[in-house]
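Next up: the structures, one after another.
Note that chain A is present in both complexes that follow, paired respectively with chain B and with chain C.
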Partner chain A sequence: MISHRKTVTAWLLLTPMIVIILGVSGYPLIKTIYFSLTGAKLIAPDMTSIWVGFDNYIRALSSSKFREAIWHTTYFAVISVGVEMVIGVLVALLLNEAFKGRTLLRAMLILPLALPTVVNAMMWRLIYNPDFGALNALLLQFGMLDAYRSWLGDPASALDMVILADVWKNFPLVALIALAALQTVPKDLYEAATLDGAGVWNRFWRITLPAIMGPLSVALVLRTIEAFKVFDIIYVMTRGGPASSTKTVSFYVYQEAFAYMRVGSGASYALIVVLISASLIAGYMYLIRKQGEV
Partner chain B sequence: MQASRNKKICVYLGAALLALVIATPVLWLFIMSISSSTHLTTLPLQWWPDEPTFENYRSLLIYAENTPSQSFLYGIRNSVIIALAATGVSIAAAIPAAYSFSRLPGKRRKNLLYAVIAIFMLPPVAIVLPMYTIMNALGLLNTHFALIIVYCSILLPFTTWLLKSNFDTIPSDLDEAPIIDGANRVQAIWYVILPIARPALGAAVMMAVLLAWDEFFYGLLFTNDIRAKTITVAIADLAAGRVADYGLISAAGILAAVPPVVLAFFMQKTLVSGLASGSVKG
Partner chain C sequence: MKIKNILKGAVFGVFAVSGAAHAEVTLNALFMAQAAYSEDDIRNMTEDFKSANPGVNVNVELVPYEALHDKIVLSQSANGYDVVLYDVIWPAEFAQYQLLENVTDRVDADTRKGILDGAWTTVEYDGSLYGMPWIADTKFLFYNKEMLKKAGFDTPPATWAELESQAKAIKDKGIVDYPLVWSWSQSEAAICDYTTILSGMGGQFLDADGKPAFNTGGGLKALEYMVDTIDDGLTNPNSREYLEEDVRRVFSSGQAAFALNWGYMYNLANDPAESQVAGHVGIAPAPGTAGISTASAVNGSMGLGIPTKSEHKEEAWKYIQFLTSQKVQDQYAKLSLPVWEASYSNPDVIKGQEPFVDAAKTSLAVMAPRPTMAAYQEASSVLQEALQNAMLGTQTPADALNGAAEAIGDIQ
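== the complex of A and B ==
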């Protein structure tokens, strides 16, 4: 039984954090909801806002361009996170073996993770450059390409090329989480399974994967939440182009509010994004609660 | 025997491939940074410059007005100020909060902790529009202050969570003893918890600085010239510039990456254990 005085102390110690979070996140979030129900413009938004009810939402959901942006974001999140999970687990299995240079290789995984997102985007933009890029030169010199291509200038390939850059930066995150989980799997489980005649494939599906599933699912949801926010890499690499083929929801909100100055409808787009994210975040909460990590 | 030799070969091949995949892009970025602009725009592309030069680094690091060095050096300065100040404010509020969550648990406080974690994960578009109009109304756009405030929305929930999970690992007898002897909670935090948690505190500070250094979205929207533009915004500007000097852009990227990469290598252990517990985002 916690005493009354203790409760008061507990809340007093929390006060600075609560005040700041209400100020920088709570209040703005409520104001976003208010904006989304008005026709506010970026120029003097508080004075010209007219109550429009759910008009913004109806327009947002019936806009084929916004639905397209949701599709691009979903595609980006599913493919990039999916590939990151597969490569990440493979790399973790590799690094779980004993070999010379393992420590160095594990340290190298930090490099893509620590590289600022904007620098990563800029680096790949230079590599993909249609006139002087290293990718074109490399593929041509190896005879895998007849002529230089504009990787980011072609709506058919642009989003996939952005995904490749994102995968390079983020697969180490999955690898490190999976590796930490692998190191907790007892070795005698494998020995017993081998004695029972289980092959490599069987051991992976029956022992390894179930053992690392917990941390791996946390990584999966965490990466999906992040991927759904994607903005920086798109802004630097393609600015949503060509022909809107890489326009994601965050970029869409950015354009609606800050290029077209429509704060009201921008806010309604933002809240639809928030709702989708919130369902992912709820999944994350469920997972960490189940694993008792909070 | 044959099988284990084959396995060994596979492992070394895989390791070599992995090393190649990680190192090649960064190595190429470095090679571009020590190449002249004309060398990089000569076809067919050569993989090593005839005359490696540090001219690109020199022209970024030696200050001259109205050159890329101006926006670059100001960007570094602004990022350092903003990252340190936002980290300071966040840590100061996070320490008592983390202590309260860890030592004085309650059902409503547990739910609050979940809310704090959820807020950390919200997409920035959720709050950016009102933040912009508020900063605009207060005349705070394009100041360090605006970004310090906004970055707290990311750093404060994050550091609270990180410190809370660390305080949980400190035996509670240690800080209960002085409290029974009449010390108050603030004294217990200051004299008992913080000295023990110093490594964790250092890690939280570094992680927060990394997060702030990497931030781009708010930086892009809330600043418009060298007075407040952060390094990430300066790099994006440079990369989008009409004068495309690939060598110079690469050098700027390398320089902006050095502080976070060095920090991350130093705190490798913390980073990995943080990742393992699910409390660090990518």
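== the complex of A and C ==
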């Protein structure tokens, strides 16, 4: 009897929160799912939404442009997150060592993170500028380039250049998380391992990496979700060009829903993206849990 | 009696106060920060309007052209703006979604007669007016007189073929690396340049049945011409990522002999504070094609409209009437020429910029429209991608345009 009353109290106390969560994320989600099954337009005073069933999804999946956009996004996410993880861990290892100026370097690590994405994108656009950009000047002075070139105007390099700008901004997040995790690894483990004759490489693979894997996988999941929905840096740096070689799914969804005003099919595109990121996250979760069991 | 009077006075006073508070209206106005009027011009005009209309306040917001369309559309659900600047290519779409107030009945006969016909097409759709024309503009050919003289040319090219041969001579003499610069990034700016050349080469966007026709005749020749000038090293290859302001920067720093750009560049490129080639800048109508045309131009005009959701339509219309009045337009005619016919014979407008006004008289008369279609934004972005593919060499001009024509046919 008492436990029943407790349950009721608990539900009563939780109700406001549940209502808020359902209102804030549940309602928009359901509305989006509903939209994706209609031919809804962004602003159509006299047009009632027309039910189209799964037509939007069929059209999305059979569109070669959308598949291209998915490929660009996947490429962006895999490369940028991969590079961020590697650089982040390396920098964290460095900053975990005691040396002069370490505090200053650690403080400087925050700088790219603190920069708004739009400002970062504008900054890199200037760096890449084909006429007076710093990157051209630098490479030319070091003799690595014969003449100034257009970095964002060439479909072969544009996406990689956007990735570089994104990596510069976001690797510090990985580095900070890794650094925090590194400081919890007991020093005596290393001493014991050294006595047993383990080299630097072995110590990293068998002690450091497993010890920071948990926090690192959180960073991995966060960054992957972020990278998969990349929009602002693309919007500012290339607007999807040249020749649509940097058009990612989020940019595609934006165009469909807001520039062409087809909210219905825009919603179906967006939900496909959500499905992809959700399965990625599920995959990560499975891997992390499996690791915990070992 | 006295008390009654006091009461009367009090009641009257309250009314007067609330009346004054009611008259205090704030308009939200959306403009672009790219070509035509500068931010300073727009703010100064607005200040003049405010001092002439006490009780009306105006918030001026400027966005890049690339963001203008989406901003207008999205603000509709948020009830955002009272006055918006919009491009000649949008009225079809805006009319379909009832985004802008139909102002046909507000425009009197004198105004209709006084403004250039080409400017009216900016705001007209299906026989109704959705605002007032404000910017009458097209793409002009700018040239560096000094460079032309060094290469032995006294006059700017009259045909596109001549432009190519003059550019080649300038390059061969080593006067400048890349004589031509354009705004050919994946954007509407590239469509404007393409339309200019297409019109001069006798091309058509759509045929008589409204089906895409730019993949044949002058439309195909125009893109082939663009690609040839890149392949021959005459066009600055970075043009493929330039917008109008990049073109101005390159031309003003003396790195190009020719540039295609909007009229606003004339006075800026001749201003020593903004340009290293000040005093050497010539302006001419974009060239034509022997036997087909004497000049080329695209209708790049823009208008001011009132969103249907605005709650201050009367004040908004007053503000629009003020901005588009001949008096204000003549006063700020350095970066954007007026839409009024009479302005072109007003000495105050012409003085100091005779070549600009002369070129405009020719160009504004031959402006070619971009296609009128409700799905213009989508059709344009399909074509933008096709132009890029051809210019970057991933597709031949014919393949790129055929693909775009097919895709645009499907959209229609």
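A few comments on the model shown:
Note that in this section the second predicted complex is superposed on the first by the 252 of 294 C-alpha atoms of A that agree within 3 Å, B and C clash if a C-alpha of one lies under 4 Å from a C-alpha of the other, contacts with A are read in each partner's own complex, and residues count from 1 in each chain.
The working rule: a residue touches a chain if its C-beta (ideal position, glycine included) is under 8 Å from a C-beta of that chain, and two chains touch if they have at least 3 such contacts.
All of these numbers come straight from a predicted model, not from anything done at the bench.
Of the two partner chains, neither chain B nor chain C is touched by A:G88.
Of the two partner chains, chain B is the only one touched by A:L109; chain C is not. When the two complexes are overlaid on their common chain A, residue A:F258 makes contact with chain B and with chain C alike.
By the document's definition of touching, of the two partners only chain C reaches A:L152; chain B does not.
Touch counts on chain A: comparing chain C and chain B, the chain ahead is B. Under the contact criterion defined above, the residues of chain A that touch both chain B in one complex and chain C in the other are 42, 45-46, 131, 258. Only residues 2, 6-7, 9-11, 13-14, 16-18, 20-21, 24-25, 27-29, 31-32, 35, 42, 45-46, 91, 94, 97, 99, 101-102, 105, 107-119, 122-127, 129, 131-132, 134, 137, 140-141, 168-170, 172-173, 176-177, 180-181, 215, 218-219, 222-223, 225-226, 228-229, 231-232, 235-236, 249-250, 253-254, 257-258, 263, 266-267, 269-271, 273-274, 277-278, 281, 284-285, 288-289, 291, 293-294 of chain A touch chain B when the two sit together in their complex. Residues of chain A touching chain C in their complex: 41-46, 130-131, 150, 152-155, 239-244, 255, 258-261. Chain C contributes residues 66, 69-70, 73-74, 76-77, 97-99, 185-187, 237-238, 240-241, 249-250, 255, 375, 377-378, 381, 384-385, 388-389, 392, 394 to its touches with chain A in the complex. Against chain A, the residues of chain B that register as touching in their complex are 8, 11-12, 14-15, 18-19, 21-23, 25-26, 28-29, 32, 40-41, 43-45, 89, 92-94, 96-97, 99-101, 104, 106, 109-110, 112-114, 116-119, 121-134, 137, 149-150, 152-153, 156-157, 160-161, 165, 185, 210, 213-214, 216-217, 220-221, 231-232, 235-236, 239-240, 246, 249-250, 253, 256-257, 260-261, 263-265, 268, 271-273, 275-279, 281-282.
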